[in-house]
Each structure stands twice: as structure tokens, then as C-alpha cells.
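First, the structure itself, so that you have it in front of you.
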């Protein structure tokens, strides 16, 4: 099976990048399943039903979220109904939505789990323990993909090594910068520290540089705006063996327009 | 001029990586100057005179540091004498050592500046303002290289964009994971969010995985140990034009042994 | 001289507390000068010209601020003109407003300095170094009062001990809970870790409890609202000797209505 | 019933304070039960069996802990055997020790629960949810006391208001500065934001001022030492009704020697 995981889609520019590049990626890599982190897809902050549907239309099959899950209140209206969007599992249990989902794709049982780190993030439970408590319920899946949304490289990698062999892949999100370390760990779990950014090329984390630079210079509050102009998609490809569902390859993907 | 910037060297394994790979890199890329971040070079925590001299012997010309600068007290004995080692400029002014240094290489005036981020780092001044205050003093350098040692991708990139055109390169360090975003910004400054790790391949940030995994599982205090086995060097190459000192190229470099 | 320092005034309820209690406090304690922390006086977030003027009308002579300084954009319109309102000195130098002010009261030269802590606060310079650099300029003041706006008790106390003997008083603000430790340090500087909250009694930090409790239960974003009902003023009284300006007394003050 | 809760005991000076003052407090206030936070009782960092036994000998009946629980490895040897010492309940479940304990005192069933905040503390689960999950098991206790060990005033108060009416008292610890806000909330739960410090008077948080001041001035690593000289005990008294176990009074207590 060929799975694409797309890094945080930021605003209109990010959606344009998906529209521009995804169709070809689906064809070129014979993709069976496309996941994306959608926490910044609506104006940089959160997601709306309209934006989600626009992106489903471009070929995205599933969304994970992160610390920006609740930024746009529209999500409260549809998260409990949308079977293709999850939020971090280790958010408080009484939060709307779910933290994992099992999907059937050509008779392969695929489970996606969304987790968020605890380092520099407040109000969330242990991602490791929350995951291990869930594990017996999803263990019989053919493929398990984890979006681990976190700031600290060490926390991402420690989690991935802690579940090495239990899951198909741990894909890091949140920093909006793709890392150069896609690899398969000793027990077979595929890993990348951060899959990157889908949005404006001339940007800082997808937002217009000017306001971020201004903030660096004076620490005053600013209203960030989504970047414009050329766009890029950053993602990673995970290829699994159709016989035994083991990972055959994980590879960074990056496409710019000119 | 061909400059190599080597990512955080972690412990004995990191020094072995330098010994294993640097000689060939110097030859292959006709390197004129080799800088490395040395904050973890002695047992993972800080640097000692002995370790610095071992690494100078392998071909490193200059060291920058970071949040681990003072972890090994040996540094207090030699930092004020060693002209080839600097610590973050935006540490308190009364700290030992210096935050920048100008070196003459084949009649090219090269200045190295070391800065540390403020996000998730305490007790340090504004890197931007500290740098801009220094700038008039170093402005006439042919080449200015900045090691920006920080956690948050946004802070690194915002600083680099804020000084785009004023310096030759801003090289990020600290996360121990190489990013896939080496680029030249609109005004000509070369940039990479993080140059990566020089140390054990089978490790988490250069340290043995078992203790980091244990910590993930139980949050109890652990004593980290430097990783062993296969080693890698992660770095980036900056090529400048010998006529006008503009950047011609910035490129990630990564070498493993088998 | 009798000086009153009033803890963070939170919203309409806080202003009502000032209106209710200050006139009597001025009379009862023969106050010569009344300072208040105003960072939450407009709806809980920042300050406006209108709110400042209302509070000057109740007898407040001077305002200090904190991390909420810029929350209400109205401040940008008047901070450079208002000689009675300062913001933290260790904000970036290019920020609007000033970090200290000298006032003449009955031929006594009184200087107020506003500082903010670095622990858990980002984008600010060292309060100690920024203060020591200013010190020669204000040293000849008869009385020096510092509002140290910070989260961590240790940082507040360490600063105060570091400047013990150089200033009349270091008054902590920001936690909105009055501490029970008003004291005079060995070299004569008066100190309290936090002077407290001026606002609604039935509140959490001045805001309605329901939203704060909801946040504790589900970590979802909430819009805080200023508390209502009974109000209190929390402050401290600093009495200085009219001959030599040394501190004679520092005392917590707390008044509720019924 | 008369219960005394003693604030964080810091090192030898703190133990001397307990020895000096506790016997009289027990007599004067007819104390039935004495709890103390012991996380700093051994040299400022953690607790040992020897230190715990010394303090039991002075009249302490029970210990709670906090972020320094594991600082001294001696605790691993006895925490699972000692029925009078608990650590935060919302530490990972696989940690040694327990997070709550029920004790029978004169046929009154008293439960002590230890929680730790999530704000600025990493690797811990939600204190609210962990507590609410435990609640059915302890609900039939006559008295429930919670030590909420946390930095942020808002988190402490929000938790206490969230469980107002469910527990007898929520006592804040960790900041080592007593607050001036002991009160009974609308539904009957007694509360204080921080009960304070038991240790050296001439200290910063119980440690010698010189090293803390040095750290403020230069941000270099220092080895803190327990303060010496005069000592104080800070605590609070909770009086419950022997008929219905409701809180009759909560009162700050503070004693210095001269």
C-alpha cells in the first residue's frame, strides 16, 4: 500500500498547494491513502467544514489535527459527525471528537492515531500511556499510522522508539519544517521527525514573513497573515508490503511551483 | 570560500564521527574553514580543553556553543584564552568568554557570531537586539556566519529573515535533527533551520535510546549516556564567491558509516 | 512619606473596588502617593486612556504594567504622552513608552521602575542587567520603587535581594494572589512577593470562575469574563522616613465590601 | 478535628523548624493530624528514609511530595513500604508509590490526595481528570485533603473551585511563599493558594541567598545550598466540625524564632 502523509496545510496557500500537486502525486506514486495534518488549513488557525470539504475534493482522505484543533469554532459543529477527521487522543477525554479511527481500504484495515506532545504543550495527558491503553483495541489493524504532533525532537523520537515494532509509522508534525531523517527503526516502524509545511514558499511557517520579523524585532502583538505567492507541498511517502504490511520504504517528498 | 558547519557533536561517538569523516570532507569539498557546535562534545554535556584539542586535531577550526555551554566546569578554565571558541553573545554580558570572533583566512575577514533563542530558553537577552548592537562593529567583515542555537523553528527563521542581506549565513543548531530546508533568502543570506547531529546513529539526539525511552514511559529522572556503535556526521556546506563574498550555495551534508 | 501600591486592577470590578476603597485609604493612611498595576484594568486585558483617566480620578497617581501591556491597542495612542504610566523597562528598547519615571512629590524625588521577569515570559531582556544599567541615572532619587512583574517567586526574591540597599522597595505583581511575606531585607529594601488582586471577590484571578473551571475540565479555548459582585482591593503600604527616606514599614492591605 | 498542613520543609533548617515549633503547635491547637510537604526535606532535594523518620519523630503524621519527589534516589527504597508518604497521583501510573491514602483517626476516615499542576510542569496527566476518576473510591471518606503542588495561582484556584464541595480542603504547595488568601469557597471547601515554606528565614525559597543572587546576575549554573540561621514554620490550620466534618475554619500559621 502507498500512503502519503502531508505536512500541516496552512491557509489558502496551503490548499492551493494541495490542489496544484496532489493529483499528480496520487498518480505518480499510485497512492492508496492520503492523510494530512489540517490544524492550520482555515486561515492558519483551525479547520472549518467548508475547508475540509474543499480538501477532500482534492484527494485528501483523512485529517489529523494538533494544538490548533479548536482555533476555529466551526469544528465544534462537525467534528462529531465527520468520520475522516481526528484530534489528539491525549486531549482530555471529555473533548469533542475522537483520537483515532479505523478505516477499511481494499480490505486492509488501517488505523490512524493522533497524539500531541507534552513538552511545551499544556493540558494534555501522557501520549505514551494514552496510546498504550488504546493499543489492545487497535492491535489487529494491518497498518497503524501515528501523527505525533510535537515541538521537541527528543520527545517525538523517544515516543517512536518506545512503540517501535507496534505501529507502521510515526510521523511528526507541528514544526512546519521538514526534517531530513526519514528512516525505519530497528523493529520496523517508519519514522520522520517532522513532515513539514504545505503552504507559501515565501513565508515563515506558512505565514507572511513581515509580521513574524516585526515580532522578532519588538515583541509586540501582531496579527499573522497567511503567506501568498509560490506554494509548496511537503509530505512523506510510506510504502508497505501488501503481503505482510511491513514497511518497505519511507521517503520525504517536497514539491514547489515556479 | 568553502565553509563547513558541523552540527552538535555529541560525546565520544560524535568525536569519532569527526575523526572518521572530516579529513575526506576537507579534501572532497576543498574546505577553507570548518566550524562545529561543541556544546555536547564532552560526554554529551559541555566541552573540555582536552576534547576541544582532540577535535582541533581532526581539522575543526572553530567552535560555537549553546544552552549546554557551562555544563562541564572545565570550560571556565580555558574559555577566556581560547580564541577559537565562542558562546552565545546574548548570554549576560558578565559571563566568561565572548559571543563573536573575527578570523583572517587567506586575507578574507570572517566573523562568527553565536546566538541563542529566547523561546523556551531562560535568562538570555534578545538575540536580535544584541546582534544589531554588535553589527556596526563587524559590518566590514567579508563573511559573517551566525550559529543561531534555538528550539523553535519560527524563531530561527524569523531571525534569519530579519537579518537577511546583513550576514552570509544563519545556521540553526540545538534540535539535533537535520532539517531539509537549506536555502538562500531573497536578500542573499543562506539559511538552514537545523544542521543536525554528529554522533551515534542508533541514538536519540546522540544519547542511548534506552534511557530516553524509559523517561518517556515513566517520567522518572534518568542519567543519559552517550550512544555507541555506528556514527554519522551532519553538517552543511556554504560556498561563497571569492570575488564578492556572496553565497553561491548552501547544501546539507550527511555521512554514515556502515 | 506614605505610599500605597495597589495590586493588578482587573476590569470594571477592579475599578469599582478602587472607587469604593481608595478615598478612605488615602485619608486613613495619609497617603502621599498611590501607584497601581494597571495591566488588566480594561476588561481584564490592557488599559485604555478612558480607563486610566477614570482611575486617576479615583486618586491613583501612577500606573505600572506587565505582560498584558499591549493587549488593548488603545495604549499605543497615549502611552508616549502619558507621563504617569510606564511599561516594563526590559521590554525591547524600541517599544513605545518608557520603563521608568521620576516624579517630584513635596520636594521628594521619587522614581518608579517597572520590570518583568524572564521565567516563563518570552521576548524580554534580563531585568537585573537592564536595571543596573539604568541605576546610575536614578541613583540620586530619594525613593526608588520597583514593580517586578513575574510568575516565579524565586525570581522575584532573587532580584530583590540582588538590589537590596539600592532601592526603597521591590513590589511583586502578576500572580493576582497576595502573599503573606511583606518584609524589610537586611540592607533596607522593602519587599513583598505579590501585592495581590483588585477586583471581584468571587473570581479566579479577577475573572468569573465558571470559564476558568470549564478550562480546567476540558482544556478547550474559553473567553474569560471579568468577575462581578462583591469587590476587594489588595495593596501594600510603604512608609518611609521623611528625614533619610529609609523604609520604616511595609504592610499588606486588604479590604472587601460585604 | 484539627489538622495542620505544613509547607515545603527545606533541608536541615526546615527540619530544625519542625523540631522547634511543632510540639507547641500540637498542644496549642490540639492537633489531631499533621501533614507536611516533604519534597525538599533532604538537603533541599527529595526525601530519604532517615529524614522522614526524623520528622515522624517530631510529630508529623503524613507526607505529600511534588516535582522533587525523585531527586534523592533513597525514596525508591522505601516509598512502596511507607504507608505515610504519597507522591502526586497524576504522575504516570507505573511510577513507584501511591497518589492517595486513607487513614483512620479516632474513627474518622481521612483521605489525603497529592496532585501536581500541569502548567510549567511536564510529563504529568490532568490533575482534574485523575482526581475525578479516583473520586468514587474515596467519596465515603469523612475528610478529604488535597495537596495541589503547582506553580500557577490560576491553576490551583481553578482546580479548587472545580472540586468545591467534593473535598474538605485544597492546600497549595510548591512556591515556598505563603499566600494571604486562606478562605472557604461557596460549597464549603477550604483553600489556600500556597501554604509556604518551612526552613531558613534568611533564604530564597529555603536556600542560601548568595547563590540565587549570583544566578540572577549571571545565569551560570550554581549549586544551591540549604539556608542556615533563624528558622520559620509556615502552615495552615483546618478545623472541621466533629458532627458533620464540614470545615469550620482555615487559617494561615507562621512562626519564626528570634
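Letters are used for the chains, namely A, B, C and D, taken in the order the chains are written, and counting of residues starts over at 1 for each.
Keep in mind that, in the parts below, a residue touches a chain if its C-beta (ideal position, glycine included) is under 8 Å from a C-beta of that chain, and two chains touch if they have at least 3 such contacts.
Note that the structure is a prediction, hence the values are computed from the model and not measured.
Although chain B and chain D share one sequence, what matters here is the overlap of their interface residues, and that overlap exceeds half of the numbers used. Rounded to the nearest 5, the angle that brings the Cα atoms of chain A onto chain C is 180°.
Chain B and chain D have Cα centroids lying 44 Å from one another. Separating the CA-averaged centres of chain A and chain B is a span of 30 Å. Rounded to whole angstrom units, the spacing between the C-alpha centres of chain A and chain D is 42. Each of residues 92, 122-124, 126, 217, 219 in chain B touches at least two other chains. Chain contact summary for the complex, chain D toward chain C: residues 120, 126, 128, 151-155, 157-159, 161-162, 175-181, 186, 193-194, 196, 202, 204-205, 209, 212-213, 215-217, 219, 252, 254. Chain C makes touch with chain A in their complex at residues 70-71, 91-92, 94-95, 122-124, 217-221.
Per the touch definition, chain A reaches chain D in the complex via residues 92-93, 118-119, 122-126, 129.
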